[in-house]
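First, the structure itself, so that you have it in front of you.
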């Protein structure tokens, strides 16, 4: 059974409490439960992680990344400047999908630049919760081929 | 039954014949057939259109867009400069999803800028054929809610 | 009787149906009729053309431009990138007036740059339908001198 | 009877004496007389003001602007840097039309940027004296509606 | 008793009448009265000056600045381009505090740049009337040390 | 009694030991004690926090921020790149004041840009310890209104 | 016998009628006849195409390009923005030579940038008709080797 | 006897009192006296003017410039942004020499750009008082030829 | 015996496992052992530290830096954005040498900019392990003088 | 018999020994012999010069350029920064053709900018040896007209 | 008797033969003779040098610069890129005056930037031969003080 | 015995006489003697070369570079613009180490950019004489492996 890591960056633990007009009203916990259920149906093993600390996310990926088959990551604000996060993805050689809840290309200028995007397979932006589901389906589909 | 337009821009009719190391070896025709089958299962009505001409795509969207429930568009090279295409999406007020076969953020610099992205719901980039399938699922999911 | 071409670019055929808070609620057809009536009073012969295709507008100007005495053009989104449209105006050596319905200097950044403006007599921006009327009066006034 | 202010910025009092190949050979005084005559026909009350001093123009607009129905302004070189002039137009909440004698988009690079344009209704550039006449007609037309 | 100059730049005499959602509804006169009362309590001598003219503000500072112990200045729109104002502050060698009513870092792009800031002791931005009070307290505190 | 958080970012725990010609010779501890005494007089409840870690500051603000009435923050070097810190301020919806000891606009170029400033009420820069006191007074004044 | 396509972009059909001081006084038709004669001598089969429409040029290259041995293209104004034209050259994998009549490096700034140049074998600019002849000779020379 | 205007811009009336390490310790008055003496020897009629107001300098040049044979101008801080000053020099068609006391190319970045320089005969920078003397000699020399 | 800190930033603990074609196949542990042996010969006391967390590196440097005689630091990806790291080096006043394994000037553009470099004695880039050895020798040499 | 100078800049004497995958395997000497033979057939007198020194090339062109009828120049790396070379071409008023062996528009970014191109008749880039031959033919053709 | 070096850079030996509409019709030789005569009157010892080679000018300045009292230099095109020339002026610690015949601020954009200007006492631009004379007078004047 | 070339660019022959606060007080001659002694110990054959002329350095490298095993180069000011020097290093295929005496990243902005760095093995900057010694040790170490 393939193993997929689902990692969320800073402030994503506030989902549901934070600016619902941009990020929706569902909590991260509930979102993760829906993804877990979906993963079970797809016969995928998922593991969730969230941290507000760049260093902790890197530590986590170094520990779990070598054994995992894929990574779904919403780097939050780290998207725009964390070259360290970019480096760890390359270093552990994991296939990664970058997800954003809102359409980062129709917001403030600084949100349009992702330093992570050049090292992932693909980026999904603007679909809220559904973006994570899309990414999970992608890994399920990959497994079948 | 919702109606979704699936529009491909310049040179995408060469899929399968063109740089397979970047775009894969499946033809556009075959890809569209797979999407059609998938749409039937999801009880969605899809209509396909491809053109190398900016004007023809705008004409098409003006004729079909007001009646349709959604648009999946891979604007090809028009992504990078066709403000006219951007305007027609806003003008007909259609919900649109932008799809790219390759990860445009890990290629030449000019490919990283999309003038279309600010007016769509979301962008999916880097998943090959699977990107269209993701977009279709999104509209199916939307319908259910 | 002087002959003036009145050319509208992409998506301007949607006038009245499209974002009325920006572009007003009058259709292009009705606007052209008002201009035609005004032209008759001014003893000017006007001819209308609209297309969503850059190539068609260039073809039209090449066919009609050498015989005409003036051009009133709203290039729509082509304003911002169509150097080919700019070249044809210079090539046929026609006196041109550039018109925009909305004030392009108080909208998105990309709308503030016109590649057409350096080759026209003048630019009128922000007065809705009245901008075309101003341009027509200008040619009438010119004729009198 | 509506009251329109017609304000000219620095060096425009030299009209007729200054670079006639760019600005024409008519003096400001004569131009204003023609506008006055035209205003009388349109049943509009116009008041003229010219100054080479940014502070004086702001003072004038603060004193007269709250009572007036519109402003026709050729800010001369202030167009390119006077944010204070821009602020006073917003502050007094007057509808303004920006006029330039020459086509500022076909001259030196610094002339292409107007810091005033984002706060006016529209801009008319390149038609010499006729630009003021267009602006006056616009206010007359507005009154009728 | 220390003497502090309180100088306001262009359009700040319109306070209370101008865009109250940004600048509040209190007039400059009333604001100055509150500051005067506060100064009396702090045993500071304050003098107020407002002008829409860059030259007049420079003249004023040259006349009064050499004798004064401090300057509280809200340069209004001159903030963004008046290098002459910057030079006079350096030239008279006065300790200055720059105040802005609104948070200039969350408004239009041109407002984010202050050519004055590099030559003052500090900048206070975003606190409305309270910014002037803060600056006055600072000079009072300074006197005590 | 209102509750205000006073947060200091990286290296501010070195105050007094570090570059006294720029930052003064008072330690953070002593500074906080003065602020605490001042707060008592103003009937405000203050809580101090300092960390060299971006993640820890975000964690702290997520835990304490929802219950607090205001935030005084000197983000230290995070000022210039921590979009994650900016996001948490917006996310918890707290009124914040940004403070800097030195005048960041008269130092190295990179210090002139604050990614935090657009989401705070105001910024106070250049007044050393007194900047924190100004911010505290502001919240006291706010409470009274 | 090798087959070379000779494609001219927008407004090049106006050659001879258009700005002769820049582009010379020979018509496109006459120029093509001279090239045809030259081709016969070199035992090369040439085919000519001109269009003002980006889409038509792409269609043409998709239909004829796979069978041809080389392409001589003067993209006219498309040189500066048509990434779609660039993509079709790469997609059909044809060896291409880019030709410009005038020296694009000594004219307006926008003419100095070619988005086509990175995907062709070489660029010839500034030699009028002779540039096409040089390109043809190159293909003849290639054939011999 | 030729007539030369010698105009000094904002803050130059503070010469001798202001930053002597940059501008020297001689007052403007004394400097002008030396120039006057020198002019007498050279049989040149000089007239001095200084103002801190852009508008006053423009007024002065419009009144005196048409009759004068040359202009020596140190625009002070207006050097860097007063396009109105630049325009009046062109408008009155006077031969002008731009003088700066300090070497503007070895100071802050904003001082390196002169908007006046493109419309003068020449620029002399870095020689203190001697720069004015050089300019005066130039006009004397010109007269002789 | 002088004491030198040797600090490695994020992902450098993956050395030997990570992209060996860029970073070589030796692990960090083995590298540190070689440096330790070399230090013994040079009569230098070295202490090693690695962390993926910016905050932890700053904490470490604040605790150990005041007592140490020098710092050899490979900031990894923090090189490009951690102004907090830069500040701590200045704050503790330690002589530092910046080391990079690969030649950062022949890789991606973002790697070419070091925000750390302006505050160190020198930078050594491109020599793999040998760069650390060079730095150690430098401190040994320094001690002798 | 017309006289054409053929000048090669720095490192072009290494042709054949240097990076043959970019520049081909033919030596400069052999290339010049082929050009000489070709020139004889075309009844043109050619003279060859190569130097690694900017000064020597300028000296050469000053000595030989006034008497020559044309210049074929491959400025090598001087293409990108030698304004002195550009000036000498203008100064001696010689018709020049700029040749590059490789397609400079598909290599590193700095190679795309030629400071020489604005002062030559035309530029030929990407055709290896054949570029020189094209240039020679051009001069032959010119002579015939 | 003070010793002044007068150095002219590339192509200035062509004076009189080269673009007389920009640089005048006097030869360098004649110009130098006039300067020599003037120097004699001022009791200054002058030495002339011209070279088209950057290296030769540096060699010359290293040999003669330490003994000389001043340098008048027209760096020609080296003005815009020769940091080596800039370094030698600083290295030999000579007082230098930069002279340009034409007004470099009213010509092509690249001519407006001088890399030499920040290390000289002053710059004189636009006065033809007279600029050298001004510089010489300056050194004479200096000597007297 | 390996052969290493040690090349110093413009003005480095002035070492010891030139700005000792930046470059130290040791002459180039003495520095080379120390390096020579060190090389003898390491059984390396070194050869020294210095020139102020770009062309001479290129000539030297073309003559000696093919036979040498390594190059230590301090390009002086050529670092910042000599693409010709960069090209010769690539052309002769020699392993090179770039050395700078001062820390080029903490000085003027133009010194931070090296056009040489992308084609060398590594860069050592800021260690004075010791940088050359480091580079020599590197080649010695390389030989042993």
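As written, the chain order gives the labels A, B, C, D, E, F, G, H, I, J, K and L, with residue 1 at the start of each chain.
As a working rule, a residue touches a chain if its C-beta (ideal position, glycine included) is under 8 Å from a C-beta of that chain, and two chains touch if they have at least 3 such contacts.
None of these values were measured; they are calculated from a predicted model.
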> If you walk touching chains, what's the least steps from chain A to chain L?
Replying inline: 2
> Moving only between chains that touch, what is the shortest number of steps from chain E to chain H?
Replying inline: 1
> If you list every residue number at the chain B and chain C contact, are more than half found on both copies (same) or fewer than half (different)?
Replying inline: different
> Tell me which of H-K, A-B or B-C has the interface of E-H again, with more than half the contact pairs shared?
Replying inline: B-C
> Roughly how far is chain A from chain G, going centre to centre by Cα mean, in whole Å?
Replying inline: 47
>> Centroid from C-alpha atoms only, then distance chain E to chain F, rounded to Å. What do you get?
In response: 24
> If you average the Cα atoms of chain A and of chain D to get two centres, how far apart are those centres in Å?
Replying inline: 55
> Can you give the whole-Å distance between the Cα centres of chain D and chain E?
Replying inline: 31
>> Where in chain F do residues touch at least two different other chains?
In response: 53-56, 81
> Tell me, which pairs of chains are in touch?
Replying inline: A-B, A-F, A-I, B-C, B-G, C-D, C-G, D-E, D-H, E-F, E-H, F-I, G-J, H-K, I-L, J-K, J-L, K-L
> Touching chain J in the complex: which residues of chain K?
Replying inline: 9-11, 13-14, 17-19, 51-56, 76-78, 80-81, 110
>> For a test of understanding, state which residues of chain L touch chain I in their complex under the given definition.
In response: 103, 105-106, 114, 117-127, 130-131, 134, 137-138, 141
>> Please output the residues of chain L touching chain J within their complex, sorted ascending.
In response: 53-56, 58-59, 62, 81-84, 86-88, 90-92, 115
